[in-house]
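Two complexes follow with subunit A in common, the first pairing it with subunit B and the second with subunit C.
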Partner chain A sequence: MMKNSNSIIEHFHHITENIHEYAKSLQSKGHLVAGYMCTHVPEEILYAAGIIPVRILSSHVSQAMTRSYMHETYCSFSHDCAYQGLTHNYDFLDLIVTSSSCIHMGEAFNVWVRFAGFQGKSFLIPYPHIIHTKPAVAFMVESFAEFKQFLEKFVNKSITDEDMERAIKTYNHTRRLLKQLWEFLRHEDSPITGSEVATVTLASQFMEKQEYNQLLEELIQKLESGPGHRLPGVRLMVSGGACDDLRIFDLIEHLDYSASLIFIDSCTAARYFWFEVPEDRADKLQAIAEGYINRIPCPAKDNVPGSGEKKRFRFIHQFIEGFKPDGVVLLYQRFCSPQPMDIVALKPILDRLGIPSIELELDTTLPRTQFQTQLEAFVEIITGVAP
Partner chain B sequence: MREYVIINLKIDWTKAKTVVAGVDIGAVSSKAIILVDRQPYIFSQVRTRIPEESAFRAINAALAKSDLKLENIQYIVGTGCGRRRVPFAHKTISEIACGAAGAVHIWGPSVRTVLDVGGQSCKVIHCTEKGRATAFLWNDKCAAGIGRSIESFADLVKKEVAEIGNIALRSAKSQMLSDFCAVYAQSEALDLIRSRVPLEEVIAGYHHAMAKRISTLAARAGVKKDFVIIGGLAKNPGIIGSLESTLKISRLAPKPEWDPALVVALGAALFADTFLHRNSCN
Partner chain C sequence: MAYTLKIWGEFKNYQSACYRNYAYASEGLRCMGSTWSPLAPLKGLGEDVLIIGGEPHAASTAGTFPEEGRDDIIAAEIAGLGFHSCSYLKLFVGEVVRDKIAITDGTIKEGYPRPDLIWTTHLCSQHSKWYQEVSRLLGGIPIYAIDMVGGGDAEKDPKIVNYVSNQIEKGIHWLERVTGRDFSDELFIKAVRNEIKVLVLWGNICSLNMHTPAPLDERRLIALFPPAMVDRTTDETVRIYEALLKEVRHMVETGQSVAPDQRYRIVYFGLAHTYGHPEMARILRDAGAEIVASVYTFGTAGNFKGIVNGNWTWDPIDPAWVDELDLSTRRKAITELAKIVLGWPTWQGVRSYWALESMARAMITQYNADGLLLAPSRSCETDFRNGYVGMQRIFKSEIPTVEYDSDQVDVRKMDLPGAKRKTELFVHLMEAHKKGGVR
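Right after this comes the complex of A and B.
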């Protein structure tokens, strides 16, 4: 039992900064560890097979060497993840998995398989390109079944429905706890800041879920019993692509003006957990497919055939109503295509809602001064600073 | 970048109610403006090195022309990318807000779009008639279309930065160069020069390419009339000519009494004046 909420948050923060050390510690306890490159990978199936899924994240160091393996105009996150393989930072992994969701991350996966020694220990899960169609569930069930068979061979044991049910329940428990944590940010007197919530959420993506759930329950209990402290100033929401660079969230809360981060719509934050897998279905793979289809869609998959509607925008609208941001920071990886393409359609919606927005383009490194200026200018616009 | 100081000797600061200053620490140059009863009294521009040192150099260069002392300045606002490193500033305001405020003060309340083409960044700012910024778009991480790329190109073709814009404007023909990347464009330019293509055509081509790059940012943000251009590159007729023809919109004519590179510093000084009044009212 830890002393207070700060020490638990610090513990999560320490793990986010020492991912490899943490993952290796799981192996030393006898667990198999699989790296996954996209949140479309159904972690529940890995977990049911007794394998701990650990998300492969970037290192935020210059990775010019990947240019010999991947096209220059693939996003910086995918280059950075490919770099992790080429520099053998994750050689300890027993397996790597991804889904055919994003072309750039798919190429990073290929680099690992072809050049980083993961040829015999990798699996690519075919994922439907358009998820908002009737055949999508059946497609996913078939893909997940193949993945399950592969894992059964890999661990040399069958994965029972009970294993699947336990895994689904464990993961849903994590999702409910995370939602509970994020709910604090709806209120002005939240006992936790947005950047702390982002840290705790990032840790969930590579921690063993039972251990994580226990710690998160403890944190929520302490936060509920402790005093709230007013989230100061302008309330900012972030919406965009994968961002594991926690410094950007910290920067938002440490501007020369008072500002608070109150929501992050990204696959490294809310989109990772803001859904549940139905627990009452007899067919567990069908349940997982339904759960993943009903999550907040990734812009790479979000297109309703015929109308071109983006279902993610419904969620964004819902989050804006619930968390009441004064402005939205549209944050995306350099050379990402789906995220900036979504912005073209999203901006008029934000304008109609009267929510100002700015765009920040992420790269491997964080241009602190430039981002700080843009964020401060944004706060000045929101607060109506004029001479 | 030329270092200079200009003083308006008709102003007697000792009789003034307010003396305020704006200090803009940009990536290439640092500027200081002292306003006396909201009238421009002294301007200075120096090259930026270490921001703190450049802030002192800019303000000291201005003060050296007068018997005014730093302690006589009642309120100072720092702006620009080095704004947090102006040791004597009372407050900081972003260059976005200052750019809008300065532009509306100079060109009047009809201004709705300010294009700020600086040494290391390029921004499109929308504003109200009162000079309040309402939205902005910043260039992506690329040197194309910013002051540094023109400086390095001038170095490549062995011309002065101040003269290459006029050379571009004079050329009847222009070569097609990459507008995607300043480095690619310069290597293409070098190829053309070595192939004995007339230098002025290459210079015109480079200016056109950089202007096209800037115009994509302006087009994305949307250009509403009236439109003004500020920042160091606003003094380059080659870029501005190409930009206006690409955007199919003319800027408001430059004001001869104002260096467009000083507009952001002016905005900071106007903010300083406002804050001084607010403080005295409180």
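Right after this comes the complex of A and C.
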């Protein structure tokens, strides 16, 4: 039992800064560890097979070597993830998995498989490019069945329905706890800041879930019993693509003006956990497929057939209503195509809601001064227009 | 002496007529979307269906009206689309923004013709976003995107075929609902057979380039495949491709070619990039080098046997097979259509590095190539840069291989001097390789 909420948050922070060390410690305890490159990978199936899923994230180290493996016009996140493979930082992994997600991350996966020695220990899960449709569920069930079969062969044991149900419940528990944590940010007084919530959420993407749940439960208990603090200044919401660079969230909360981060709509934050898999269903794969199909869609997969609607916008609207931001920071990786394509349609909606927005384009390293100036100018705009 | 194709005029006319009909028709059903969609379902709605497809239209507009194309791209960027987005997409959206349409017969029509519906596909991360944006700009055009899960041998995977078929089936109900028209299975099945036939015929025409001399060069291939992209569902398209196959077979039998000087045979992976492509072709031609096979011209609107026993083959499919296909019910026709569309080579490499490598290896062998030229397109994230840099690593020790950057239709992204230097270097490499100087 840790002393206070700060020491638990510090523990999570330490793990996010020492992912390899943490993952290797899992192996030393006898776990198999699988790297995954996209949050559409149904982690529950890996977990049910006794394998701990660890998300492959970037290192934020300036590098050029990937340019002779992948075209330079792929996003820096995918380049950085490919770099992790090419520099053999993850050689200890027992397996690497991805689902057919955006083209850029698919290319990073290909680099690992083709050039970084993972050919014999990899699996690509065919996954729909459009979610929120009925035909997609049936397709996912078949795809997940193939993945389960592969894993059974890999671990040399069958994965029972009990294993699956246990995994589903463990993961749902994580999701509920994370939602509870994020709920603190709805209020003007919160015992935790947005950047701390981002840190804790990022840690969930590579920690063993039971260990994580235990720690997170403890943290929430302590936060509930402790005093809240007024979240200072303007309330900023972030919406966009994968961002594992926690320094940007820290920057938002340490501008020369007072500002608080109150929500992050991205696959490294809310989109990772803002859904649940139905429990106690007879068909576990069907349940997982239904859960994943109802996620907040990644912009690369968001196109409701018949209407062309972008369903993610509904969620963004809900988050705006619930968390009441004064402004939205649209954050995406340089060269990403689906995120900026959504912004063209999202901006007029934000304008109609009277919420100012700003675009920040991420790269491998964080242009701190440049972003700080842009964010401070943004806060000036907000304070100028807010009532 | 270089051979002159007799059928060429009919190809040009077919393409222009399709665009003219779409742009100027006073009645009929205007359908927009990626021509990488199964088109036959649209034809089940009647005999007055007019189609405009994003990629071929953007490519031909840039070719016919380079200045207009540039202005369209800029207009799309001013409207908010990112610099790194697909330039076909931006050119297309730019026309909507500027409220005008330019077509291959050399005319520009003021007032963008509003489509009745959008029928498209989703495979790359931009494809369906493209039409979502067009729909939004035009005030909400009904849009149906079919998720195409590619990768290696998708057309042989029952799970994927079933998934795509189910979507097409639901899509047909959607088409009836949004148009208020009854769907004719008779018209649909006829269009399916035509669509499959044209794709198979084009595969056969391309396969004839395995001969020496290759009867067609890249320039003709680029010019000859658009009718199959623009609208491949009509009796007229079948007729012109059958006539072309006959003519090219005759060329092979008599040893004729449109570009007979073929000291070096090249396999090309890349698009017809509007800016710079003629310059590259000139450098190659001056050295007696011709592109005899390319995944773009062959595989964007052509079908081949694909993966057989774990390896790719560019062997053609017998056109007679199409006549024997059982298309007696709507579902059977949908399934065959899904298989043929999923089988397009350009899609197979998107999610599958091994399919891309296998395709390139087979093309080099079957077309007896002296070099592999790679031209990744800077703003085409799916087909025409995906895996190309890795391919250079793989093939450079086996065959002269050079890669230069290009872009579909955005002149700003074309490094012309660099591309020229690399193409010249490529010619030198092939010469040295042939002399035994380079291993």
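FYI, the second predicted complex is superposed on the first by the 383 of 387 C-alpha atoms of A that agree within 3 Å, B and C clash if a C-alpha of one lies under 4 Å from a C-alpha of the other, contacts with A are read in each partner's own complex, and residues count from 1 in each chain.
The rule is simple: a residue touches a chain if its C-beta (ideal position, glycine included) is under 8 Å from a C-beta of that chain, and two chains touch if they have at least 3 such contacts.
Values in this document were obtained by computation on a predicted structure and should not be read as measured data.
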Contacts of A:Pro340 with subunit B and subunit C, given as first, second, both or neither: second
First, second, both or neither for A:Leu32, with subunit B first and subunit C second: neither
Partner chain(s) touched by A:Leu353 [first = subunit B, second = subunit C, both, neither]: neither
First, second, both or neither for A:His129, with subunit B first and subunit C second: second
Subunit C versus subunit B, contacts on subunit A by residue: C
Partner chain(s) touched by A:Met70 [first = subunit B, second = subunit C, both, neither]: second
Partner chain(s) touched by A:Val155 [first = subunit B, second = subunit C, both, neither]: neither
Partner chain in contact with A:Glu380 - subunit B first, subunit C second, else both or neither: first
Intersection of subunit A interface sets (partners subunit B, subunit C): 334
Contact set on subunit A toward subunit C in their complex: 67-71, 73-74, 100, 102-104, 106-107, 110-111, 113-115, 124, 126-130, 133-136, 138-139, 142-143, 146, 299-300, 303, 305-308, 310, 334-338, 340-345, 347
Touching residues (chain side subunit B, partner subunit A) in the complex: 81, 84, 92-97, 101, 105, 121, 128, 130-138, 140-141, 267, 270-271, 273-274
Contact set on subunit A toward subunit B in their complex: 256, 334, 356, 358-359, 361, 363, 367, 369-370, 373-374, 376-377, 380-381, 384-387
Subunit C residues touching subunit A - in the complex, by the definition given at the top: 79-82, 84-86, 118, 122-126, 128-129, 131-133, 135-136, 141-149, 151, 159-160, 162-163, 166-167, 170-171, 174, 350-351, 353, 376, 378-379, 381-382, 385-390, 393-394
